[in-house]
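In the two complexes below, chain A is the common chain; its partner is chain B in one and chain C in the other.
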Partner chain A sequence: MTDALTTVEPPAAATPRGGGGGTLRYVLSKVGAALISLGLIVVLGFVLFRVLLPGDPVRTLTRGAPVTPEGAAALEREYGFDLPLWGQFTRYLGNLAHGDLDRSLVFKVPVAQKIGERLGPTLLLVGVGTLIAVVLGLWLGTRTAWRRGSRFDRTATGIALALWSAPTFWLGLVLLTATGGLFPSGGITYPDTPPDFLSQALDTAHHMVLPTITLVAVVYAQYQLVMRSSLVEEMHAEHLLTARAKGLRDDEVRRRHAVPNALLPTVTLVFLHLGLVVSGAITVETVFSWPGLGLLTFEALRFPDYPLLQGTFLVLAAAVVVMNLVADLLLRVLDPRVRAS
Partner chain B sequence: MTAPEPVERTPGPAWARRRAAARRAWGEFTRHRAGVLGLGVLVLVIALAALAPLITDADGVDVTRATGGRLEPPGGRYWLGTDESGRSVLLLVLWGARISLLVGLSATLLSIAIGTVVGILTGHFGGWGSALLMRLTDFFLVLPSLVLAIALSTVIGPGVGTIVLAIGVTSWPSAARLVRAQTLGVEARPYIERSRALGGGHLHVIGKHVLPGVLPLVLVNTTLAVGTAIVAESTLAFLGLGDPVAISWGSMLRSASNSGAVTAGAWWYLVPPGLAIAVVVLAFTLCGRAMESVLNPRLRER
Partner chain C sequence: MTLLQLRDLHVRYPGEHAVAGVDLALAAGETLGLAGESGCGKSTLAMSVLRLLPPTAEVDGEILFDGEDVSTMSWGRLRAVRWAGASVVFQGAMHALNPVHRIGEQIAEPIRVHSPKTPPARVRERVAELLAQVELPADRAGAYPHQLSGGQKQRVMIAMALACDPKLVIADEPTTALDVVVQAQVLDVLTRLVTDHGIGLLLISHDLAVLGATCGRLAVMRRGRVVEEGPAHRVITAPTHPYTRTLAAAFPTIGDPASRYNPATAGEPPVAGTEAVGEELLTIRDLRVTFGATAAVAGVDLSVRAGEIVALVGQSGSGKTTLARTVLGLRKPDSGQVLFDGKPVPTSTKGLKAHRKQVQLVLQDPTSALNPRHTVHEAVAEGLRIHGVRGDEADLVRAALTDAELRPAEKYLGSLPHELSGGQRQRVVIAGALALSLRLLVADEPVASLDASVRGEVLALLLRLRARLGLATLVITHDLGLAWNIADRVAVMHRGVIVEHGPVEDVLLRPHHDYTRSLLAAVPRPDAGRTAEPRADQGV
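Entry: the complex of A and B
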C-alpha cells in the first residue's frame, strides 16, 4: 500500500554507512539488520496474536462454539494458553525453532504443513507475475522517459496511472466478468485433467492467465512510473552530453549510459516494494481462488483462524525481509558505486 | 524556549512573502492541465458526497425499504440498475463516497501525522534514539502493509475505525523518510545556524523554520497518499474487515462479489464502485503530481 510513484531517491539502506569497510563488513551489517528485522517480526507475531487478542483465548479460538470443560482445558494446553505470558513466549520461540506453528483451527492440520502445501502456487504466480511486470515496466518506463511528451509517452503513462489507481481485486472481478467463461474462474487445475505432466502444466497455465494479468496490471505500473522519473532525472546528467559529443547513436547513449544509472534506484525500489506484490497476491488469489498463501490468509481471516493467520503473517513478512536482504547483497555486486566506497 | 527574538515575531513581511509564494505556486499549478482536471474532479466528488443527504433520499439506501427488483439492469428508473436487495446502485455509489473518502482522508491524516513527527524528530535530533527510530521505520517500510493491516484488524475486530487505524499505522514510514530527508536539507542551511546563534531553542527551530520548510512536501505527500489509502480501504473492506453495514465502495464490491453479480454478469453493480475508486484515486494522484512538479522544478518536463 505504500506509495512509490514519486520517490525516486534510493533509500539510505542501499548506500553503505561511513564507507571504508570491506565487502565482509557490508555483508555482515546487512545480514545483521535483516536478522534484527526477522526478530522484530517474530516478536510482532506474538504480540499481535497472543498479547493483543481480546477476551478469553479458548472462546476466541472456538468462536464461542460450545466446548466441554475438558475440551477447553485440552485446547488451552495444546495452544499453551495455560502458561503465563512469558512461558507462552518461550514456548512460541521453541516451537518456531522447530518449525512448529501450532495446529490450524479450520483445517485441523499443523499450520506449517498447510503453509508448505500452499507455497508452490504462490511462488509460481508471484514469480511469473513479477518477472513479466519488471520486464514490461522497465521497458515501457525507458521508452516513455526517452520519448517524453510524445503521444506514446502520454498514452502509456496515462494507462499506467489508471491501472495503478484501480484496486487489484476489482480489476480481477472485471476481467472475470468481461472474459465470461473463456478462462476458468478459479482454482489451479480441473479435477478431471489427466495426471501426466504436459496436461497438468497446460491446465495450470490456462488457470494462470487471468490471475497473472491482474497481478501484472497492478504491479508493472509502479515500476514503469519509477523507471520513467528515474531516467528523466538521469537525462539531465552531463555525461550523456559527453556520450553524444563522442558521436554515439541515440539508442547507444540510452542503452550504455543512461539506463544503467537509472536502473539502480528502480531495482532497489522494486525489491523495497515487494510488500506490494504480496498485497497484490493476497487479493488476486482471493478473487481467483488460487490455492496459495494469499487465499490461505483469506480463508484464515474468514473464520478467523488465529494460529493460521499468525503463520501466514510470519511467513509472508519474513519472505519480504529475506528478499530485501538478497536485493541489498545483489546491489553490492551490480553497482560499482556501492562496491567502490 | 528561551527569550524569543521580537523581530521574528512581527508577521508582516514574512506573511506577505508567503502569500506571494502561494500565489506563484497556484499560478504554476494552474499550468498543469492534468492537475487542474484532478482538482476539479475532487471538488465535484467531495461536494456530491457532502451534499448526498440533501440531494437524495436516505431511505433509498435502507435495505428494508428497497423498491427495485433483484439485480435489475440499468433502465429508466434506475440509471445504474439495482443491487441484490433492490437498491439503486447510483444512490449507493453516491453514499459510498462518504465513507470511502472519510476513511481515505482520516487514515492519511493519521499516517502523515505519525510520519511527520517521526521524520522531524529523527531529522532534528539525531543520536542513537533517532538511529533506533529510523531502524524501526525501515522495518515497517519493508513489512507488507496489507498483511500487517489484516493482522491488526483481525485483532481489533472489523469496523470503519479499525480500517482507519490499520491503514494509518501501516503506511507512515514512507512519509517519515521523506520528511526526515527534507528536515536534514533545511537544517543544513545557514539561516538555521543564525537562528541557533541568536538563541533559538529546539521548539523555535522546529516550529519556525523546519515545519514551514517541510509542510509543502507533506501536503504533496498527503495528496498522493489519500489515493493509496482509498484503495487500501476498498481492499480491506473487500476482504471483510470493514463494518458490514456501512456502505463504502469497497463494501459494495464485496457484496457484488458475494451475491453472485460476477457470474450473473451484472456489470452495472460491479463497474461503478470500482470506476469511482479509480477516478478519485487518479484525481488525487494527478493533483499530487502537479503539486510536486510545482515544488520540484527539476521534475518540470519540457
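Entry: the complex of A and C
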C-alpha cells in the first residue's frame, strides 16, 4: 500500500534552500537597511549639531576672547558658518564624501585625525572589556540556568542585577576609592615610562585595570541574564528528552543539545549590544580620563565643539548600525532555521 | 520470553496519582497497543520504562526489562539500556528533534554513544541504511528538521529509534499530528520494521482504530488503570468494559448507517436530517489563490446553502485551509469569485468587519485560540464589543453560552480556559461566534485536538445548531469519519482542485476518483489487525 501512495505525500514543507539566491537576497536586504540607517544618521548629525544645538561657534573658536566684527566674519567664512543652512548642508555632505569631517574648533586639527588618534584606546578598552564580559556572562548564565534555584544561582543572579543597576560613574569612583591608589586613577600611560614596547604595554595594562573592571561589571550582567533565561527556556525543549532517552549523560545533553541552542539568541544579543557598549564607554572613559572617543566626546561637549561632536556622533552611531548588521548576518550563519526563512 | 513486565506500577506526581497499579507484559517481538485519552497516564507509563520521568515523579512497583529491574539499575547501566535496549518514537517529531542539528547527525548520535569505536565511515553507511529502511533518500541526512514534512520527520524518528537494534520500541502517539494518508504510511513503515527485526512494540495512541490496525494485543487505560486487556480483535469487536465501548464508538465506521448524522455522544442525541437546507449562502466560482509560483487553490467551485453542512476533505497541503481563509476575507483571491449572500466578500476594512459578523472561524486547537488570561465572559464578549453589538452584554453572553450548550451559563462565566476541558473550550470558541449574527461557521479541524469521548459531543452540537438556528457550516478536515458523522455533502480537495464532490453517501461509499479511494484506503480499519495471528494472552 505504501508504494501506491508514496506519490500522495505532500512534498517537504521547505526544500533545502539557503543556497545562492536566498542568501544573496538576504545579505543585500540587510546591507540595504544598514545603508539607509547610515544615511539617516548623516542627516541627523547635521540637524542635531548645526540646527538644534544652541551656542556660538565663533565664541568657541576664540575661547571667549574679544574679537572685532570683521574678525568674527572672517572666521565664520573660513568654517562656512556664513552660508545659508542648505549651503552648509551640501558643504557638509560634500566634505563627508571625501572623508573630511571638518576641522575641530578647539584642537584646530581635522576631526577625522583627532578621532583616529582616540579610536585605538577605545577599541582596546571596549574589546578587552567585552571579551571578558562575554566569557564571564555566558559561563555564569549557563551555570545558573543549569542549577537554577540553587544558592549559587541566587547569589550570582543577585550580584548581576545589582551591578547592572549600579550607575557607571558611581561604580568607577567606588572602585577608585576602594583600591586606594593600587592602580593609576587616570590616563593610559605615565609620561616617564620607557618607550620600548614591553614597558609601554605593561604600563597600559596597569592603567586599564580599573576602567576594564568597571566596564565589565556594567556589561556582563545582561549577557548572564539573557543566557540564563534562554537556557532555562531551552531546557524545557522536548528534544532534550530524546537526547536523554538516547542514553546521553546529563552533561552531554547540556553540552551538545541545550547550550548550543541557547547560545544562538545570546550571540546575537552580544553583537547588538556591542555598538551600545562603545557609546557606554563614554562614562567609563570620562571617570578614568581614558583618552578614547568617549572622553573626546565629553571634551567636545564642554565647549561645545560642533564639528568634533558631529564626528564622534557619526562614528559611534555607525558602530551601532554596523554591529547590528554583523548580528543579523551572523545569526543566519549560525541558525539553520533563519537560513531557511 | 517476556521482554517487558510491569508489576503493580504506581507513578505519583505531587497531587496526582498518574499510574495507579498497572500490570502489563510484553513478549519479545510482540506488538502491544496502549489506548486511552489525554491524562489517563499512558505516556507517564511509557516514560517510566526508561526512567525518563521528571524528578517530581515517584515510582513504585516493578519494571522488569529483559529480566532486569529498571528502577534499581545504576545510571551507567540505565544509559546503556536506553536506546540500545529500548528506544522511543516520541509524539510530535517537530519538537522531538533538535532544530539546529542535521538529521543525519541526530540519527548517528546514539550509534556513537553506544558503540563509540564505530569508524566514521561505518556510521555514515549505517545512517544511509536506516534512512533507506524508512524510505527516505540518503541525501536527506544533510537536511535540518524544518526542511522535512511531518511524515518525513516521523520517519526520521523511526530510523533513529532503530539505530542501535533495540529489542523494544516505545512509540508514543507517533502519528497523531499526521493526516490519514501519511499516518497510514508511517504506521506501515513502523510495523513492517518491527516485524522484520523481531522488535517488541509498545504503541500508545488515543485512537483505537490505529491500535487495532497495528497491534496484536490491546490494553485500554483510564485514570491510571488498565480497564480492559486482550487480543486486539476481541477488544475492538467485543469490548467488555463500557469505557472501551465509548472509545470504540467514537470513530465511526464509514458506511455504518447507525453513525450517519449520529456522532457517538453520551448526552442528548443530535437532531438528524437535511430538511432545513435553504438558499445558497456561499458561492465560490473558479477561485484561484497563488503563493508566488505555486497555486494553493487552482480553480475551485463550491457552494454552501443555509442550514447545510459541507465537509471539505483533503490532506495537509491540499489548499483547503487557504480556501477557508479566502472565504473569511483573510486572503484576496487572485482570480475567480467568493460570493456571500450573493455579494462578493468585501475587501475594505469596514466591509470585512460586517462580513465577519456573519462568517466566523473555529480553529483546531481551542487552547491556543483562547487568551489564557481572559475569562469565558471576556472571550465571548470580545466579539460583541468589537462589533458594537447593542443590548445587555451579560444577557448576550449568557445566551451565546447556552446556545453552545454550556449550561448553566453562569457556572462558566468566570472560568479561565485552563479550568475547562478541551471540549468545553471548543464550545466557548463556538459561543464567541454564535454571539454575533452568525450565518456561516467555518470550522478548521474542529475536533482534531480533542479526546475521542468529547469529539462526538462537539460534532453533535454542530448538528443541533444547524437544526435549531439554521446555521450553515463548512468543515475543513482530513477525517473522513467526521464527514460521515455530520456532513450533507463532501468535497475532496487534492493539490488545489476539487477532484470529487457530492452527497456524502455517494462520495464515500461509491468513490469515483482514485484520490478519494486512496484516502478511504488509508483510514485505519480496527477490525483488520495487521499482525496476522492473534496471540494468546501473555503473562498477567
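Here is the rule we go by: the second predicted complex is superposed on the first by the 305 of 341 C-alpha atoms of A that agree within 3 Å, B and C clash if a C-alpha of one lies under 4 Å from a C-alpha of the other, contacts with A are read in each partner's own complex, and residues count from 1 in each chain.
In the analysis below, contacts are C-beta pairs under 8 Å (C-beta built on N, C-alpha and C of every residue); 3 or more make two chains touch, one makes a residue touch a chain.
Computed from a predicted model, the values in this text were never measured in an experiment.
In the superposition on chain A, A:98 makes contact with neither chain B nor chain C.
In the superposition on chain A, A:108 makes contact with neither chain B nor chain C. Set against each other, chain B and chain C differ in how many residues of chain A they touch, and the higher count belongs to B.
In the superposition on chain A, A:282 makes contact with chain B only, not with chain C. In the superposed model, A:321 lies in contact with chain B only, and not with chain C. By the touch criterion stated above, A:49 is placed in contact with chain B alone, chain C being left untouched. In the superposition on chain A, A:335 makes contact with chain C only, not with chain B. Comparing which residues of chain A touch chain B with which touch chain C, the overlap comprises 1-2, 4-6, 9, 11-13.
On the chain A side of its complex with chain B, the touching residues are 1-7, 9, 11-13, 33, 36-37, 40-41, 48-49, 52-54, 148-149, 161-162, 164-171, 173-174, 176-177, 180, 185, 229, 232-233, 236, 272, 274-276, 278-279, 282-283, 286-287, 297-298, 301-302, 304, 306, 309, 312-313, 316-317, 320-321, 324. Of all the residues in chain B, the ones that touch chain A in their complex are 134-135, 138-139, 141-152, 154-157, 167, 170-171, 173-174, 177-178, 181, 224-225, 227-229, 231-232, 234-235, 238-241, 250, 253, 256-257, 262-263, 265, 267, 270-271, 273-274, 277-279, 281-282, 285-286, 288-289, 292, 298-299, 301-302. Residues of chain C touching chain A in their complex: 50, 52, 79-84, 87-88, 90, 92, 95-101, 109-110, 113-114, 135, 142-144, 146-152, 160, 181-182, 184-185, 188-189, 315-318, 515, 518, 521-522.
Interface residues of chain A facing chain C in the complex, by the touch rule stated above, are 1-2, 4-6, 8-16, 237-239, 241-249, 252, 256-257, 260-261, 264, 335-337, 340.
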